[in-house]
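Both complexes below contain subunit A, partnered by subunit B and then by subunit C.
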Partner chain A sequence: MPKSGLLPELTPKRREAMIGYLFILPTYIGFAVFILWPIIEATRISFMEFSIIGKSEYIGLENYAKILTDMRLRTSYLNTIVFTVFAVSFNAGIGLILAVLLNRRLPFLIRNLYRSIFFFPVLIAHTYIAVIWRFLYQQDTGVINYYLGLLGIDAIPWLSSAAWAMPAIIIMDVWKNTGFAMLVFLAGLQSIPATYYEAAQLDGANERQIFFKITIPMLSPTIFFILVIFMIGALQVFDSIIVLTAGGPGDATRSVVLYIYEQAFQKFDMGYASAVSMTLFAIILILTSLQFYISQRWVYYDE
Partner chain B sequence: MSKNISRRQFLKYSGMSSAAALAAAYGLPLSTVLAQGNPPPSDTAGQLTIFNFGGEQQQGMYANAIERFNARYPNVVIEDLYTPFPEGWGQYITQLKLRVASGLPVDIVALAIEGAQESIAQDILLPMDDAIAADADLQALVDEVEPALHNALKGPDGTTYYFTREWNNMIIHYNPVMFEEAGLDIPAPDWTWDDFLETALTLTTGEGGDKVFGFAIPYFNFGLTPWWHTNGTSVLTEDWTDSNLDDPKMLESVKFVHSLVHEHGVSPSVEGTDMTELFMSGRSAMSGAGRWPFASYVSADFRTVDIASWPSKETATTVFGSGGWAISKSTENIPLAIELIKDLASIETDMEAVAIGTSLPARRSATENDLFNSFPEHASLFFDSLNDIKPVPSPANFAEVESIFMRHMGAIMANSVTPEQGLEMAHAELTVAMDELKERMSS
Partner chain C sequence: MAIQIDIGKTKRQKISSHSKKPLKRGDILSYIILTIAAILVLMPLLWMFSTSLRPTSESFSLPPQWLPTQFRVENYLAPFESNVPFQSFFFNSLKITLAVTIGQLITCSTAGYAFARLRFPGRNFLFILLLASLMVPSQVTIIPIFLTMRSLGLIDNHLAVILPGLVSAFGVFLMRQFFKQMPEELFDAAKVDGAGYIRTFLQIALPLAGPALATLGIITFNAIWNSYFLPLIFLNSWDNMTLPQGIALLTGYMGSGNPSVVMAAVTMAILPVLLVFIIAQRWIIEALTRSGLKG
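Moving on to the complex of A and B:
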């Protein structure tokens, strides 16, 4: 076939590389348009007093200076950190326990049934779950307090008390998301070669030793994945809170993302909202990088 | 000098990017364009976009109005951008602003009073006084509506931008059967806060999971406002420019609401409470709402309900909110938009609103029939409340005002702070917000 002369001649290696780039091009276009460009725009807007209609102007670091003195933002960050610590710990911990329990020799149908039961809440949107839990948590007419009353326990002001509102959100979040952790841990457990357990048993190791010396180290990549994913999600918590408590009572459950939403869509201060978004972006980036760095010490990859 | 626009000229310049540019093309002031008063010919072609909101049933109602319009103008394509009832007016208004700012077509805008001043302040709507003066049908849309409803949607300088499409107020919903069983007379038209509390205490029975409450508090900004208005006070000053939370009467009113839950126990804890569900399930003898729950009452065949005036402390009044249709300044089809509004805000639409039952029609005349007056028994109270009523305070920064107040109210109701502390903090924050608004409006 005669060469066209219009295209440069590619070596087989370069042709292969070009084909590879073409395959990943749609993903990169999506990333550039829907993730990278909004980040760049948000960064630009964070230095502005921004108006959707009308004049916007650059105000330098004024928005960032405001962040340093914003006590409500500080409260929002504290709430978010508390939520993240407890939600991630319980989601991962309970998910691991459920996975270990399900990884035993169970009849096929029983295992699948329990796996489905625990995973089902993951499939439902946060908003629907929050609407239902809002009814369950109602202090005077809610189902939870009704059954607590039968046990002789006084009604708990789940959503109407600053002390109980955050635990209420964490409980709901764990109920919804622990199934995902369970499923991932279950897959991780089932990928651990049986030879390790056989060797350990031959050496006389007990259940506890097997769990901490074999299972946990072999599962560490999965644990690391769960901690990273759940931490990133928890730091951006919004759906559960806005339906359940709308950040209240007062600011008791206001998360950073909810605060950003309030600044952007209630106060129409897009510039400040963007600046706060940038701080959250930076914090998530730093924490995730820190996790990757620390993982070198405790995550074991069986190569 | 007046100048009529021919159809050919109109179509020639319809590619202009805004109504103002369209007017400028003729060397005419916009007011003159609006004052043409001649409906376009029936074979006019074009496209109109409506930025709309409401419930599912209302969407069908407006679809019927669009159908009536298309019967007159078959060559006009209507796009109804319908948002199911907005969760927060802030987001709805932002979507509207984004649409306008990005140059996407918006011809007719539907907004409630909560967003009206913001839209007027953003200068995205056409003033309609000249068009009303030149068009008898438009004048009729104004004349047929209660003045309080029409005036509530005007600009600060009295300019008309909106044509009223619906409204709602806050009124007491009560279960007459529960009243009878408790040996109580139905609420008198001039009953007071003290009468209300005494009634609620009598109706509150049982303990724990079996407790029946006297009153389920409508715990949202609009729902709480009658307590302020009946005590001669409000969250904002009369002109909606400053915080009024330092008014001793506001403290008195907030303490009263707080006491319903925490002192007298006649109301359930406000968080997580759906007042309509509690009322329909017989767990509360009274609640507060407008006409909107009646659609649910009818679909659930819940008929043991009647309405009564809001109890008064200083003055017998309540609160109302309304919604309206306006024409966007970015429209390229002013005459067609005017004609479409005539159908959207027509008596036929009002009659459908009566049948649906989620809101009150703009015209009192639409309620002079058995369909409206048969349920509830005292349905006439809805429109009678217009005799002495105040609109919900809705400055241009309504979303922010509501957010600030309800956040501190939440802390008060949760006993995280005392009413005094909560209102003091809210007043400080709201004062800053209103000062920022004044600065924005003056620049």
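Moving on to the complex of A and C:
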């Protein structure tokens, strides 16, 4: 064999192990350099008064203490929570409704067509969507206010008022991401065994009963999964906000990630930015563990 | 095109096909709701497209016109002639996207194969550790990565955006699942024929992994083509920027850019995604459904 020159004295078992390590090496180098080491580094930096050109020094828990008193961070967290609650509820709720409707008696082609239409915005960059919607949201010339005007609603200052900017971002997010929830729910619905429905029909259950007594309970692992995935995504909202409102007006739409970005890369206060990012990391970690723990239980329950 | 997500679906279709009842009120209602939703989804895209073909003077004409009334194809040339280097944005995005996609296909297929098919001490632990990295938000790692790139002199260099993208825990997971599902006999036969591990991988496993590679390639292509966070941090001269950055630039502060030209640029930026979607819908939808990864 030609390769035996390369690794001459290995038993087959060791050889297999060698090649195994060789195959995961590129991935593990990347993992070590771009994830593992940066986490350690970020933790270290979060305890520092960090200067990018001058001297950095350890300041203990000062950055973390600042988190508790920083009113702008509090605003950013509140904004992020408001965004998360509404975006996740609407995305999951509307996604579920669309999936249930698509799962009804529909011709195959029509179902596929609708599903493709609903899903397509998921593939478009947040940046482009925000660029399009910024025109749609214009107060005087925007398409949205024109149609609201036909319904007798006064022009809404979508992007220039503190009250409306967040709803504007949420609406755009739902437009973009509902299709993803729809897709996962549809797959979940289609994996519910037909025998359950047949049995219910034989027992004379009506559609509403079938929905609440069979569909929803059988779908609950999927619902929970979608809620967690969307929460993790929403907590990190950034692209759409920076293009649509840049956090404004004032701080009305500033999200935590936008705040971290500004602290780190505009004010270059990287120590504080790292400390804030740790808080976000902790929240995401808790959510993911929760998801993992509960889905394990569900899998067990299913069997 | 039939998309069989699983068996449950075929069963359900069988029921619905032999119960050919007339349309009920509920059916009509659901058609109406679905159609309204589809129109709402399509309208912004339709507005984008029809605006991109209108003269600038009419880009804000109200009532809005949804179908293109004019065909100003020169709007599509305007971004290339504007004061920002649109052509460079396009090629930079293409270059970075291709480099990352090809890199990931290599690193993920070898690692996925090793985790699925080769036995070595610590295999499961290393795999779970890798999966755990999916939980780490990029905002945590970005500051140290930025400092590293800075000390390597890679700020405003495409490598700063390409290198962190070359590995993907999700991609390894996807490839591992695929290699695991391959029949055992295939590998036994290769062993009997005296094929080494590397040859078995290159000549037997990899050629059969086409669908998985295509899926991973498409998902990665789309994610990198659309990515904004990393380029925003690392690429700051106009000539090095990517398409999302460039279009944000073209739009100007608070939307002062020329809408027709901006919409033509956005249409061009979305076009590759649309094409890939039409061609590879089946794979994208199946993979995203199965993995639950947000696009």
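The rule is short, and it goes like this: the second predicted complex is superposed on the first by the 254 of 303 C-alpha atoms of A that agree within 3 Å, B and C clash if a C-alpha of one lies under 4 Å from a C-alpha of the other, contacts with A are read in each partner's own complex, and residues count from 1 in each chain.
In this section, a contact is a pair of C-beta atoms (placed from the backbone, for glycine too) under 8 Å apart; a residue touches a chain by one contact, two chains touch by 3 or more.
All figures in this text were calculated on a predicted structure; none of them were measured in a lab.
J.: After aligning the two structures on subunit A, examine subunit B and subunit C and state clash or fit.
T.: Here the two partners, once superposed via subunit A, clash with each other.
J.: With both complexes overlaid on chain A, does A:138 touch subunit B (first), subunit C (second), both or neither?
T.: Touch status of A:138: both partners.
J.: Report for A:161: first if it touches subunit B alone, second if subunit C alone, otherwise both or neither.
T.: Only subunit B; A:161 stays clear of subunit C.
J.: Examine A:273 and indicate which partner it touches, taking first as subunit B and second as subunit C; both and neither are also allowed.
T.: Second partner only.
J.: With both complexes superposed on chain A, which partner does A:247 reach: first (subunit B), second (subunit C), both or neither?
T.: first
J.: Which partner, once the models are overlaid, touches more of subunit A's residues, subunit C or subunit B?
T.: Partner with more touched residues of subunit A: C.
J.: For A:123, select first, second, both or neither according to whether it touches subunit B, subunit C, the two together, or no partner.
T.: Touch status of A:123: second partner only.
J.: According to the stated criteria, A:20 is in contact with first (subunit B), second (subunit C), both, or neither; which is it?
T.: Touch partner of A:20: subunit C, not subunit B.
J.: Who does A:265 touch here: subunit B (first), subunit C (second), both, or neither?
T.: both
J.: Have a look at where A:221 lands relative to subunit B and subunit C in the superposition and call it first, second, both or neither.
T.: A:221: touches no partner chain.
J.: Shared contact residues on subunit A, subunit B side and subunit C side combined as an intersection?
T.: 52, 134-135, 138, 141, 146, 264-265
J.: Of all residues in subunit A, which touch subunit C in the complex?
T.: For subunit A paired with subunit C, touching residues are 1, 3, 13, 15-21, 23-24, 26-31, 33-39, 41-42, 45, 52, 94, 97-98, 101-102, 104-105, 108, 112, 114-129, 131-136, 138, 141, 143, 146, 175, 177, 179-180, 183-184, 187, 190-194, 197-198, 207, 225, 229-230, 233, 236, 238-239, 242-243, 257, 260-261, 264-265, 270, 273-274, 277-278, 280-281, 284-285, 288.
J.: List the residues on subunit B that touch subunit A in their complex, please.
T.: Touch residues, subunit B against subunit A: 88, 90-91, 94, 97-98, 100-101, 122, 124, 208-209, 211, 213, 268-274, 278, 283, 397, 399-400, 402-403, 406-408, 410-411, 413-417, 433.
J.: Please name which positions on subunit C make contact with subunit A in the complex.
T.: 1-3, 5-6, 8-9, 11-16, 19, 26-27, 30, 33-34, 37-38, 40-45, 47-48, 51, 60, 62-64, 106-108, 110-111, 113-115, 118-121, 123, 126, 130, 133, 135-148, 150, 163-164, 166-167, 169, 172, 194, 196-198, 201, 222, 225-229, 232-233, 244, 247-248, 251, 255, 259, 262-263, 266, 269-270, 273-274, 277, 281, 284-285, 288-290, 292, 294-295
J.: Please give the residue numbers of subunit A that touch subunit B in the complex, ascending.
T.: 52-54, 134-135, 137-142, 145-146, 149, 155, 157-162, 165, 245-252, 262, 264-268
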